[in-house]
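Let me give you the structure first, and then I'll get to my questions.
First chain written, first letter: the chains are A, B, C and D, and each begins at residue 1.
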Amino acid sequence: MGNSFGKLFTITSFGESHGRCVGVTIDGCPAGLPLTEEDIQQEVDKRRPGATMAATTRVEEDKVEILSGTFNGYTTGAPICLLVWNKDIDSSEYEKMRFLPRPGHADYTAFVKYGGFNDFRGGGRFSGRITATFVMAGAVAKKLLNLVGVEVLAHTIEIGGVKAKTKGLNEIRENVETNPLKCADLAAAKEMIRVIEKAREEGDSVGGAIEGMALNIPVGLGEPVFDTLEGDLAKALFAIPAVKGVEFGSGFSAAGKRGSENNDPFTIKDGKIVTVGNNAGGILGGISNGMPIVVRIAIKPTPSIASSQETVDIKKMQSASLEIKGRHDTCLVPRAVPVVESMMAVTLCDFAMRAGLIPEVIK
Amino acid sequence: MGNSFGKLFTITSFGESHGRCVGVTIDGCPAGLPLTEEDIQQEVDKRRPGATMAATTRVEEDKVEILSGTFNGYTTGAPICLLVWNKDIDSSEYEKMRFLPRPGHADYTAFVKYGGFNDFRGGGRFSGRITATFVMAGAVAKKLLNLVGVEVLAHTIEIGGVKAKTKGLNEIRENVETNPLKCADLAAAKEMIRVIEKAREEGDSVGGAIEGMALNIPVGLGEPVFDTLEGDLAKALFAIPAVKGVEFGSGFSAAGKRGSENNDPFTIKDGKIVTVGNNAGGILGGISNGMPIVVRIAIKPTPSIASSQETVDIKKMQSASLEIKGRHDTCLVPRAVPVVESMMAVTLCDFAMRAGLIPEVIK
Amino acid sequence: MGNSFGKLFTITSFGESHGRCVGVTIDGCPAGLPLTEEDIQQEVDKRRPGATMAATTRVEEDKVEILSGTFNGYTTGAPICLLVWNKDIDSSEYEKMRFLPRPGHADYTAFVKYGGFNDFRGGGRFSGRITATFVMAGAVAKKLLNLVGVEVLAHTIEIGGVKAKTKGLNEIRENVETNPLKCADLAAAKEMIRVIEKAREEGDSVGGAIEGMALNIPVGLGEPVFDTLEGDLAKALFAIPAVKGVEFGSGFSAAGKRGSENNDPFTIKDGKIVTVGNNAGGILGGISNGMPIVVRIAIKPTPSIASSQETVDIKKMQSASLEIKGRHDTCLVPRAVPVVESMMAVTLCDFAMRAGLIPEVIK
Amino acid sequence: MGNSFGKLFTITSFGESHGRCVGVTIDGCPAGLPLTEEDIQQEVDKRRPGATMAATTRVEEDKVEILSGTFNGYTTGAPICLLVWNKDIDSSEYEKMRFLPRPGHADYTAFVKYGGFNDFRGGGRFSGRITATFVMAGAVAKKLLNLVGVEVLAHTIEIGGVKAKTKGLNEIRENVETNPLKCADLAAAKEMIRVIEKAREEGDSVGGAIEGMALNIPVGLGEPVFDTLEGDLAKALFAIPAVKGVEFGSGFSAAGKRGSENNDPFTIKDGKIVTVGNNAGGILGGISNGMPIVVRIAIKPTPSIASSQETVDIKKMQSASLEIKGRHDTCLVPRAVPVVESMMAVTLCDFAMRAGLIPEVIK
């Protein structure tokens, strides 16, 4: 239960980390959208660990396959099933830890909820690998949003306590793919790498934060009171493992602000109504106001660390200590950046369809 | 569209600030729950402005009526319609501001989305008054959660830059209703009152933050990957006007932490598996882990301020200035506290039903 | 659970036969639709028992109230709550029958499902009176469908074994409101009245059938494979108490036909593609083909009959006999006709919105 | 849109007749159910054309694969993706007919709805082959229903005007798999074969009817007023191509009956409340009453016939004639029998889960 998201552009994720595959079905994509495996592959590749120390060394050569929903290079209006086969992976380490839930992971909660029947290998359904299915769906959503001029963009703004300086939109666009951390502030990126390096050497990990933006959003997306733009974006983003906080515009800093300071006055610019400032993060009353949607996401430090940790043997019901073998990302933030973009795109695409902006057939 | 929430315990909100009423229909409440208008009235009264300067002087004598779904004092399994009639309210001020969208409000976005047909009086569908419907639904959800031992509790942790000290659970329970700010730190509460007073005198407003907790939650609530506990709680909480951020456990502070610090080790206490610390906020992998669920919510400063503000006359398409008449809450935080509790209760009740914890008939 | 219907035009029904009211909330109605209580009253009045022997003598002076969702005579885009207050009704007869489930009614199944907590008075939630909520919602749906030229029309085609002759569209439109049986074949209508009269004198009741049509439907409504036009219309129609069968086009008679006979050949008429014949009932592959949608619904004889019936005392668990007092419709068919229209309109309106035919704002 | 069904046991179908595969994802299956590919293969094989003249000679060696959701032979609580790869099929005939919509098929409606982008080969998404995905999902649903003792059973009751005699339950169970027509009346089956043979020789096809039953259903399944047992079963059954009518219990014959005749009196048998007769088809007020659920489905004659048919060239917009090459089932009824069982099982499984009968974890 709970593996579908979206009302009109509905994605259903399936697959496990060490199972046969991870995949996603998209129901509600209009007919007539040009779509090839290469389109999706490009997005999935962004999730691939980089060449740097920020990355796990596990090589994931994920090759996307389209199983249904396209014909002669166009979507047909039928459900699109996208899939990546898993390579043969050694799961023996996980067998050893079967009854030793890793702190910060879903091992314990999944064990209880599913009565021990869950596929625990590599985190199973709770692995970060599942986000490949989000990115595949996001690739289609981005193509649809492009048709109405909407751009979705995310970048790293904090890692291990190092905060990036605020950069302009062009600088973000230019810099984000030039460094493995996907950070627009290249000086900060260097410092972030040092911090990650140090944590790794000490058998530890670091957290961080990502900023997501949606540009050229028309006024009127969002369906209050419950299906607000903030609400559904937040729900989509909390589906990404390791996300522990979501804020829009001035966010938590609004708690310390005054109304006169936090309100964005309306003004006219180039014949259009805009706001001076964007403390609202592009959303008023749960509805887009035409300004950029700005969201920030807190990513916790990777729970898999090399150092020994205290846990419980849930079979013997006694204390135990645990050492997690293998190589894991010291910081999840860079690889989460394209996932943030994807979940934003999926959500916004659904709202754009609800608002009638994307037709049943693309012409 | 978008006025329903919940899969098995489904609430549908209706009504406007200056319309005839505000109401809510609950579909999915089990039969056999004792339920009277008084039960719901108690919760709605908590939302009522207090006797202090934190409060608007508009007197809201909301009297709850049960229109359907109960019989002889028990729920019947049929949809429960709950309603509060609006008193006659002077809407003339709003007529004057019809084409002058108030900064920080939904006036502009609603005008565009609904083509100017929206009921703009008092914010209409976007008024804080709509949260009375959340509280009515929450009252029923709380009664159901009580049956399985779950307690939901919220309190003010920050107003106008003044942060409350961390307090123990008993102190929170005792103090929260003893002061109009619903703050467990009574010393901080006094300072918060001063800050609010000062802002009001200066024709301004202040924001703040609320902490919500759910206690005695069983392990296993939440339906990953999309219907996570964090995701659905966040969605529910973003339905509350003025909420701009939601974080769980260590939240945004996790960005600066290391894994060894942020992971909560498992241990055994009183024969049960618990975690040392609760950086996870009671949720791992989107599923409750048995620890208290802890969420913090950022509330922006009241957008309605007495000072003059810049806006646009959307009919004449020219700059204009605006003065908002009438008395408005200088700080929304205290009145949002019971609303936070309510939306948490509604969400958790839905998850408890999905997990089969609450039966079709209460015996 | 289960009291909402529709994906984009979503109705939520509430209320009981002898409770305070019956009502419905419509979420998803576009803004800008002119809508008054009189618009809805007209449709509700069609459900009112006529002046003839076909009708119960219980006078229902249902006065529709709009509780939310309109402003200055137009819909606002917010949820529309529509309601009819129940008059004070003597429920003492039902108290006597509390543990004697009436054959053919939901008394027994509701008692078991809701653990005896259901409001049994007058059938409670299972009363035909609940269909007034369908008709209120249908009134709004019809207005929306009118905007795109779609007409929904139902008429009685069989009562108590008397079948109406097939009539042309104009004759149906003209005759259906001229006789209390809502039958286009006036000669048959007279015979039907005799059959009803006779059954009533004998303390019995009769069943019948209704044909529903939707005219001027554009090609392309319906969302296979599960949300087919037939499937959702059937689901909507089975919500009407006493409906036991639903068929489209040639329906059950197709079982005895050959393909060469049942296939409707395509041809061109007035520059448009149409079919010769309409065995498909206007639907191919679950999608409208532009021909009239034709559905027939079987209505069982009124289960409330004056004659003594065998039942069980479910408290004492022993056989019992039961005599239902009061006056009940001898035949439900005529009063179900506007309800069939309403549920067809609600369903088609939802599909028209899914297909993007009805915009977010009516201009 | 519209390719998912079920609220708690949710299936999402994908794939096309001549695409790479047909598949289905099941979200909501409890953990701990033993499930192998062989379990599903058995059900899929029932859909395979038999050895007789009733069958197409196209050999479909569908081999079921489980892509996700099981581990060590048990379900895990994660979504189960089931798939059958399509064999290479010559689609050249369909290319020729691309702009010549086949009467009685979805070619024309799909062409218009999807702007000509639909995969038309072999009917694409509208092919009977898609029902293999229903059967795969049904196989899982049946296993879950077995746990609570529910049996679902369907059989042919009419083909080409030949009606089967009513048979007892045991005779149905015994005979249905002994003849290719899946008819319990073996004498009628012989006659049906003659009728099919004759139609085939004449380049024509025949329709028929199927009866579905669910046995040992507990009292209380169904969620009125909209999610009735009849309504959701009908919706599920209308998803099967060629179904044009659905009736429960006395169904359309109720139109000609009197209440005294159609009402099923309650009585006590073996200490349980049952009804004398089952005109209700096991459902009262949309809720199961503990008697067998009995539904009958009308299947239209195969629209693909060998004889020449009139149609329209939709590109040239002129009349055309069409001859459908290849071998097609002369009668769809026998192959639809397991599909009816499957869709009944899927629907009932969902209702059983809603009623809390099937736990989150099977032990």
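The definition used in the following text is that contacts are C-beta pairs under 8 Å (C-beta built on N, C-alpha and C of every residue); 3 or more make two chains touch, one makes a residue touch a chain.
Fair warning: this is a prediction, and the values are worked out from it, not measured in the lab.
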Taking each chain's C-alpha mean as its centre, the one farthest from subunit B: D
Of A-B and A-C, whichever chain pair has more C-beta contact pairs: A-B
Geometric centre distance via CA averages, subunit B-subunit A, whole Å: 27
Averaged-CA centre spacing for the pair subunit D and subunit A, given as whole angstrom: 39
Distance from the mean Cα position of subunit C to that of subunit A, given in whole angstrom: 46
Residues within subunit C bordering two or more other chains: 1-4, 8, 13, 113, 125, 220, 354, 360
List of subunit D residues in touch with subunit A within their complex: 1-4, 8, 10, 12-16, 19-23, 25, 27-28, 31-32, 66-69, 71, 74-81, 83, 113-115, 117-119, 121, 124-125, 360-363
Subunit B-facing residues of subunit D, complex: 7-8, 220, 354-356, 359-360
Residues of subunit D that touch subunit C when the two form their complex: 1-5, 13, 101, 103-106, 108-110, 112-113, 125-126, 130, 158-161, 199, 203-209, 219-220, 222-228, 230-232, 234-239, 241, 243-268, 271, 273, 275-276, 279-281, 284-289, 298-305, 307, 309-312, 314, 317-319, 354
